[in-house]
Structures are given as structure tokens and as C-alpha cells.
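Multiple structures are listed underneath, in C-alpha cells.
Each of the next two complexes has chain A plus one other chain: chain B in the first, chain C in the second.
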Partner chain A sequence: MKFETGKRGLLINILSLIVFTIVWQILVILARNDIFNIPFIRLRDIPTPVETWYALVGSMFTRIYGPSFTYGIINHVYASLQRVIQGGIIAFIIGVPVGIGVGYSKFLGNLFNPIIEIVRNMPPMAWIPLSIFIFVSGGSIFIVFIGVVFPIILNTIQGVKSTDSRLIDAAKTLGASESMIVKKVVIPSAFPSIITGLRIGIGVGWMAIVAAEMVIRSPVGLGYFIWNMGDLGRYSEMVAGMVVIGVIGYIMNISILLLQRRFINWVD
Partner chain B sequence: MGRLVLNSVSRKFNNFQALLNVNFEVADGEFVCLLGPSGCGKTTVLRLAAGLVAPDEGSICLDDKKINGVNKECGFVFQEYALFPWRTVKENIEFGPQVKGMTKTECESISKHYIDLVGLSGFENHYPKELSGGMKQRVGIARAYANNPKLLLMDEPFGALDAQTRNLMQGELLRIWETEHISVLFVTHSVDEAVYLADKVVVMSARPGKVKEIFDIKLTRPRIRTSMEANIIRDSVLKSLVTEIKMAANK
Partner chain C sequence: MKNLMKILFVVIIAIFVAGCLENKKTPEVSMPINLVKMSGQEMIQRLGTGEIAGFIMWEPYPAIAVTKEDGKYLVLSGKIWKDHPCCVVAYDDDWYKKTNNSDEILKRMALSQLKSVEYINNAKQSDSPDHDQLINYTMQFGQMTDPVAANLSLADVEFVYNTNVAGTTTFIQRIQDFGIFDPNKWNLSGYKNASDYANSLVTNNYVDWAVNNKDENVSKIALKEPVNIRYAYLVNDIHELPFYIGWQKGYYRDLGINIVIAEGAPFQNGAFEMQQGFKANTVDVGSLGIPPVIIHRINSNDFSNDDTRVGVIAGMNNEGSVIVVANNITSLKDLQGKTVGFPGPGTIQHVLFLMEADKEGLKVSY
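Moving on to the complex of A and B:
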């Protein structure tokens, strides 16, 4: 796929968002005036972009009401981000060495591959009930960990395995020992893949945290926020929360991508 | 020092015999080119000399020491350069000294010396992706030299370059080699390259690889590619090679 780049590309990007928002607004208004409807969908009940915007601004920093959501959206964002970052860091610290070991050593590969291959097929959400009763606290961090760790492990393995064998030969003839080869050839060569794994993992973790917060009912967090708003019939705030989730996910993805381009500038 | 002796070397890979009873020698300070049809095991000879693979039979000795495990007294130059893409020119050249545990100052003085020698001053901090093929191979040569080897093993180092750069790099290699004289075993497909560079050309036969014929080339350097003498030698080397190429093609 080829994307437009530069100013023209950016213009098309912005235009597409504007058109999407306008179409959304028009469809809801038409439905509310009984001019247009889609069967089986209560289009009229969907908050319009304008309502969503006011809900977002209104609940960004200020509490809405009642004791159960004393927080503004910004606090919920902070809580969710914190969990994703904590879970992500633990996943990185565990996932990278595991991936390197499994990717580099045939023995470790045979030992751990069956476990990895089975456990990675259990979605993070499937772990929620278990984590509720085994973790006294921090269950949602564990859910994030499950979401982040497998993309990191798999991408690290792939990065390690695709290390150019000529580079390993070159290092050998230059006198490098086995551990030097891992440290100075295999890891740097796998580094871009490792970061790609982190980026994909953080995306999965971000989705997982929203689900976990809905089920675990931590008193603060974006998942909790949108669930609660739904319960209370405050649909504009609920959709505002959804938009925030999307935008933050996008920003995290772009940030890691930019860091990757900035610091791994040797890739062809 | 840097005398490489292959004594009745044979090597099999799975079911096929890559090398059969190979005997030849690279004398101290000699430039030897290894010529042969594709798949005749030229690269295997280099990998054996580097200790990256072991022979099934026979022995390979460098200065009367049997090569057992990776040979750390040789420098390897690869066809596709095999530079570490995450390391700059300078850092690539310093790889060997670094893994040997030399200090930063020592590493820097070595890399500076070889960057100057191969003519890459001003490119110290460039990454491989920013260099042309010829420049990459200059780094490859400098990196091999920086380890202070007794023997340079070169696997079609100029094979990926265009014809003009290739001629230029052959001249550059000889200039560097004349400055810091060590033994060289150089694999090539090109008769022209072999006759331009080598003191001795070893022609190998089609699979299984054996030494077919050895030509001593006594022409003085700098050699003139188009000279009568060079042409005569080229002609006889080519004749020896052509039958093998035909055989390899028929297999």
C-alpha cells in the first residue's frame, strides 16, 4: 500500500476526519427528525459529535456527580496509562530476555516454544476472571502484561532468528566470543524488531486495559469510566471516553514509531 | 609470518562432496587467487581457513599451527560486505579491537590509522547505508586489517561492484597490501582480476572441488591489464578454467 506523504497527505488525513465527523452529525440529526433511519439501529440515540465534544470538555477535569466517579477524564486517562506503562515495562523486562533465549538457543526454543504457543492463544480478556481471584491488587496490570508480553516475545524471537549469519561469521573471525556475539551482534540486529514488538504489544495492552477495567471495576480508569457512563445513561460522556481511548492509542503508536525512527537511524 | 598450508583437505556437506583432497599453500606474504566454476567449493576453502567449518579429512595449518576452531589470526572480507549496519564506519573498524578488550584510546588510534589507510577520512561517523559499495568494502578491508591478522581471506570482495569501481578497488587493495604486507587468499570468478592481483592463481575443478592447476604469475607490479604478457597468462588460465566451467554447467 502506498500512502500520500507530505503536506498533501496531511491535508487528505485531516479532510477525512472532518468528513467523517460531518457525516456522523448529519446521520444522527436526520434520524432524530425521522427523515432517515437504518433498520435495527437506534441511530437517534447516538450522541452527535457536537454533544460528544461538550461532554468531553465538561468532564475533562471536573467531577460529574455522585461518589463513584469523582474524577475527570484526565484522571481516568492517567490511571489507565499508568497501568499500561507498568504492565508494559514488566512485559519488556521479561519478554526480551525470553525472546532472545528462545530465538538464539535451540534447546531453550524446544523447551519454551510449546508453552509460548499455547499460552499466547489465550486472549488477555480470558485471563480476567482468574486474575480477579489470584491478585489481591494489580490484576489489571497483569492483564496488560499478558497483552504486551507475547508480541514482544514473538517479535524478539523473529528478530534474533533473522540475524544475518554473515554478521555472526564476521564477528567470529574478529575474535568475538559467544556471549559477545549475542551482546554485540544478535541484540543490536534484533533491536528494531524488539521495538516493533513493544509497539504492537502496547496497542494490545491498551485494548486489554479497557476491558480489564470494565470487568475488574477498579474505581478509576477509562474502561471503568465508559462502562459507568453507559450504566448511568450518560452516552455523550461514554462516547467521549471512547474517542479518548482511540486518540491515546494512536498517539502511543505514533510516539513509539517516531522514537524508533529517531534512534534506530541505521536501518536501510 | 602467515603461511597457510592445506594438506589433503576433504569436506562433505550432507551427501555431496564439496572438496576432495585439496592441497595448496599460501606462502608468507603471498597473494593467492582461487579461481573456479560456481559451486566448486572456493568459499568452503575460505571458511575452512577461517575455522568457520572443520575439514572431514586432512589439515589446514597457519604457520604450522593446526586450525582448530575459529581462526582469530585471519581477517575475513565478505562479498556482501557484512558490515554491522548499526555501527558507524569507525565503530565497525573498532569491533575487533573492542572484543579483544583494548582500551578506547587504543581502539581509536587503530581505527584512525586504518580509516586513513583505506582512504575513508571524513566518513568516520557514517553508517554503512550511507556508503557506496566501494566504500563499504573499504570498511570491510579496514575492519579485517584492524585485527592485525597474519592472513587476509577475501570472498569475492568486489563481486558486487560495477566494473569501474571494481578496477579501482583492485588497485586500492594492492596499494593497501603493499603498505601492510600480509598473506592473502582471494576468491574470485574473474580471470582478469586474478591475473591482475595474484602472485599465484589456483584453478579449482568442478564439483567435487580439487586443485586442477596452479599458475605462478611473475609479472611485476603495477601490472598493465592490457599488456601482452598479461594476455598470454590470462589465455592459459582461461583455457584451464573453461573446461571446468563446461563440466559444472553439464552437471
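Moving on to the complex of A and C:
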């Protein structure tokens, strides 16, 4: 993802968001006044950005109406983020060693490659029905794990394979053991690639968690929130939830990018 | 750009910290009972495996769970609110306006409803010659295999054909108290209060006509030209047995109405029937719980063309929902902090559960 940097780039970024919001507002208002309509789409039923904003503010924190206790968006974000982080950590702990093993050893590569190639082509959403039945709890964490682990494994393999063979040879010449070579040469060389895998994986995991929360039963989570609001016909809150999903996904992506640039400064 | 990233990074950390603090706050309010949406089949299965502590659902699911000994009845909805209205027969206002003889059709829909209810109420008696036939219909409609469960499921459902304006007003009031209406949409609706809204929603004329004509010769009052009615109902809901009886025994057909099952029916819950059926104009007449009708005629309606406007012409049943719990649960208080299945937000079971929790001073999250 390349952005034009500097003030001009930032200005264009902000302008594009403003224009998008204005176009959204105008389209809905035109449809509501029967001036313009896109066939087969009930544009008039889409909440305007202004309605969405008010819904977002109104549902940010827990609301209590008599016995009814409605969790705030903040609780739902927290629950979803927690699941993504837990799934991401498990995927990292399993994915990196598997990726290094498969990338470094030809034997392990031949052994595991067919399994990885088949399983990675099953999208995380395809695992949802099975996880409903096999997990008593934590099914959605598993869905995140599936989403995150394969980008990590594949990027780790790629990172390991692209290690400069001269560096490995040099280490061997200096008498380094296999485990030393992996620890001191292969892993540092593959690390940027591993982090790229993590970034892609977290993006997939975030999308998967929202789908999983719609199906796997849990009282909190952004997927559950937007589904519930849709059931109640509270469409402004539903769209506010969707916007939050998008914004959090974006923030997570650039946060990892930021960390990558900050801590892996030996890579371009 | 770097600064923007830093700001966004701080924002995500702030949300996470705020979420932690907000979550910590929750128990201080008292541990809520967590309602989680699921299908009736799933409720029975998950209660059996201990994944949920209970559920609130329409019959026959409670009866099936109890006969399988996976749980027990904790509260019958008749104890929450005696004779509360439940499912009703509703028509789509767009269909009503564009159909020439819609009033005549609705009168006959109400008459068929009346005949079915009378049949069921007679056949419910175990010494009735029709009892076995009724149990067979119940098992077919509820997709049951156990006649004991079928009998049990009929016991707490009160089949009716009358409309209930007072009960509807109470439901509207409670739905307002529980913060379920979209405040902007409520303002757009122009209703002054719950009673004003209930009176606009419910019409007694059709049932009155049915009562006056119930002993007339059917061939005399049948529609001259038979019409097709796209009908929607809820999946495996014993409350709507009068519809199934009227359809199977040919009451509709004899009155000149051909029932065509609407696209998407049977629906998983009333919210779906309102949003995907009535609003999308794929349903002419249907049966569903009164709360989804009340909620979605406001929340899902586009008031510039009133596309989700429906009218209630007859009752289907009173009572008939049950809070079923695991065998170790003895009161609603025991459900605090636990997960309880329900058919979805805005369903009658949701509103009834909130009402019961309110009586007990408990909180319910969904």
C-alpha cells in the first residue's frame, strides 16, 4: 500500500473521506425524496452519515433500559479485538516454527506442503459450521487462528527460502551449528517477511471474526452487534458498527506497519 | 503521515483500555443474564450438552427438551403475564391497497382462523374423537416424532382468534420502556402514545364478520373468484397451528382462498418475516408474534411510502412460550452471568424474558 506522503497526501486522504461522506449523504437524501434511485437497491433505507454518527455516539457505551442491558460498541470492539489477538498469538506461536521448519528443511517441506496447500485453500468462513459443533467455546478464536496462521506460515516459508545462501555458507564455514544458523541467520533474515504475514493474517482474521461472531453464539462482539441491530431494525446502529469494523481494521493494519518500520529498520 | 499513524495507534490503544474499563464496570451493575440468539434445534442441543443454562422459546421446543429430560420448565409465559397475546394474523398494507376485494378476502381469512381455533379447542380434549388427528397435525407442523411431546406442547398454548388491543397496547408500552424503538422512527410515525398506535394496528371488523357468519353455508359466502394468497409463517411454531389446520383441512380453500407459501417462508423468526417478507412485498398475509409487528412497523418502515405497514386482523394464540432451564437451575436469579438461548432480539420471547427479569430485578444483556 503506497500513499503519497507529506501534507499533500494527507490532505487528499482527508478530502476523499469527506467527499465519500457527502456523496453518501446526497445519494440517500435524493432517494428519500424520489429524485434519484439505483434500480434494485433500496437506497432510501440506508442511514445517512449524520444518522450513523448519532447512532455511533449513542451506542458507544453500555445503555440500561429497565432490565435491558445493551452492551456499548466499546465492549463489542474489546471482545472482538481480544479474540483476534488471542487467535493471532496462537497462530504466531504455531505458524512461525512450522514455516521455518517447512522452509528450511526439504524433508519437512515435502511432508507438510500438501497439507498446507489443501488446508490453506479452505477459507476461514468455511470452518465456521464445523467449529460450531467441535468447540464448546472459543470457536471464533479458532476461526481467527485459521485466518492468521496460513499467511504467517507462507510468508515465513518465503522469508526462510529467500535467506541469502552466502550468509548460511559463511556461518557454516565459521563452524556454526544448524540451530545456530536458524537462530542467527535464517530467523533475522525472514523476520520482516514473518511480520508481513502477521499483518496480512490479522487483516484476514479481523474479517473472519466478524463473520464468525454472526454465527458462533456469543453475547458480545462486533459481528453479533451488527446482526442484532439489523434484527431490531436499528439500521443506523448497524451501519455505525460496520464503520467501526472498517476503521479498526484500518488502524490495526497501519499499527502493524508502524511497528514494522519502527523495529525492523534494517529492511527497506 | 507518520503523525497520523501515531495518532491512530494511540486511538486503538485507547479503545482497548476503554473496553477493559467498561468491561470491568459490568459486574458492578449486577451480572446480566446473557441472551444469545439461536435456533430452536440448537437450544435443545446446547441445553443437552450444558453449553447454555436455559432458553426461552415457543412450543414445541420447550416440550421436546423436557420430554428428552434435558431440562425443565422454569416459567410458563402465562405466569409472566396471564393471557398475553402472542402470535397474530397480519396483512401487508401494500397488498391491501392494490387488491380490489382485500376486505372480502380478509374476512374469510378471519373465518378460517375461527374455524381452526374452534376445531383445535375441541380436539385438545383427550376424549375428543379428533384428538389423535390433532396430535398428528401437531407432529407434522412441529416436525416432531414424539406424541408425548406433541401433547405437552399443546397444553400451555391458548388458541384464540380474537384481537387484543389492550394487550397490544401493553406490549407497545413495554417495548418503549425497554428502549427497542428507534427514537427517530418513532417520531416520524406520528403516533401520540401506545394506545394510539395499537388502535391503528389492530382491526376487529374481520373477526366480527367471521363471528356473525360462522354458521353460514360455506358455499354461500365463499369468494366467487378464488384468489391466491402468499402466506408466511414461522418455522415449527405450534402457536401457528390454526393456520396449518385451516390449510390442511381445506377451510381456506372452501372459502375461495388458495394458500401459496410465500418466498422465504417458513421464517426463522418474526423479525425476518417483517423485513424479508412484508417489507419486501413477498408476503400478502402471514402469522407471527405481535412484538416483531409492533417493532418493525416502526423501525424498519420507510415512512415516505409506508412499505412496512401491516395490519392485524386476528389473533392466533395467547401464552405458549416457556423459559426452560437445566435441571440444576431453580430460579431466574441462578441464570445471572450465564448464557440463555432466545430466538432473536425483538421477538415475543425477548420481550417476555425482559418482563420477567424486570419483576425479579435482574439485568439482561443481548
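Assume the second predicted complex is superposed on the first by the 258 of 268 C-alpha atoms of A that agree within 3 Å, B and C clash if a C-alpha of one lies under 4 Å from a C-alpha of the other, contacts with A are read in each partner's own complex, and residues count from 1 in each chain.
Keep this in mind: contacts are C-beta pairs under 8 Å (C-beta built on N, C-alpha and C of every residue); 3 or more make two chains touch, one makes a residue touch a chain.
Here the structure is a predicted model, which is why all the values come from computation and not from measurement.
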Name the contact category of A:L167: first (chain B only), second (chain C only), both, or neither.
-> first
Broader residue contact with chain A after superposition on the shared chain, chain B or chain C = C
For A:I115, is the partner it touches chain B (first), chain C (second), both, or none of the two (neither)?
-> neither
Which holds for A:V57: it touches chain B only (first), chain C only (second), both, or neither?
-> neither
Give one of first, second, both or neither to describe whether A:L11 is in contact with chain B, with chain C, with both, or with none.
-> neither
So, does A:V185 touch the first partner chain B, the second partner chain C, both, or neither?
-> first
Identify the partner contact of A:V19: answer first if only chain B is touched, second if only chain C is, both if each is, neither if none is.
-> neither
May I ask you to decide whether A:G175 touches chain B, chain C, both, or neither, giving the answer as first, second, both or neither?
-> first
Examine A:I134 and indicate which partner it touches, taking first as chain B and second as chain C; both and neither are also allowed.
-> neither
Contacting residues of chain A [partner chain B, same complex] = 164, 166-167, 169-177, 180, 184-185, 188-189, 191, 264-268
Contact footprint of chain A on chain B as seen in their complex = 47, 50, 52, 70-72, 74-76, 78, 80, 82, 84-87, 95-96, 98-100, 127-129, 143-144, 147, 153
Within the complex, chain A is touched by chain C residues 1, 4-6, 8-9, 11-12, 15-16, 18-20, 22-23, 25-26, 29, 32, 34-38, 42, 46, 49, 51, 177-180, 182, 184-185, 269, 271, 274-275, 295-296, 298-300, 302, 304, 339, 341, 344-346, 354-355, 357-358, 361-366
Using the touch rule from the top, collect the residues of chain A that touch chain C in their complex.
-> 3, 5-6, 9-10, 32, 34, 42, 44-45, 51, 61-72, 74-75, 77-79, 81, 136-137, 217-219, 227-228, 231-236, 248, 250-252, 254-255, 257-258
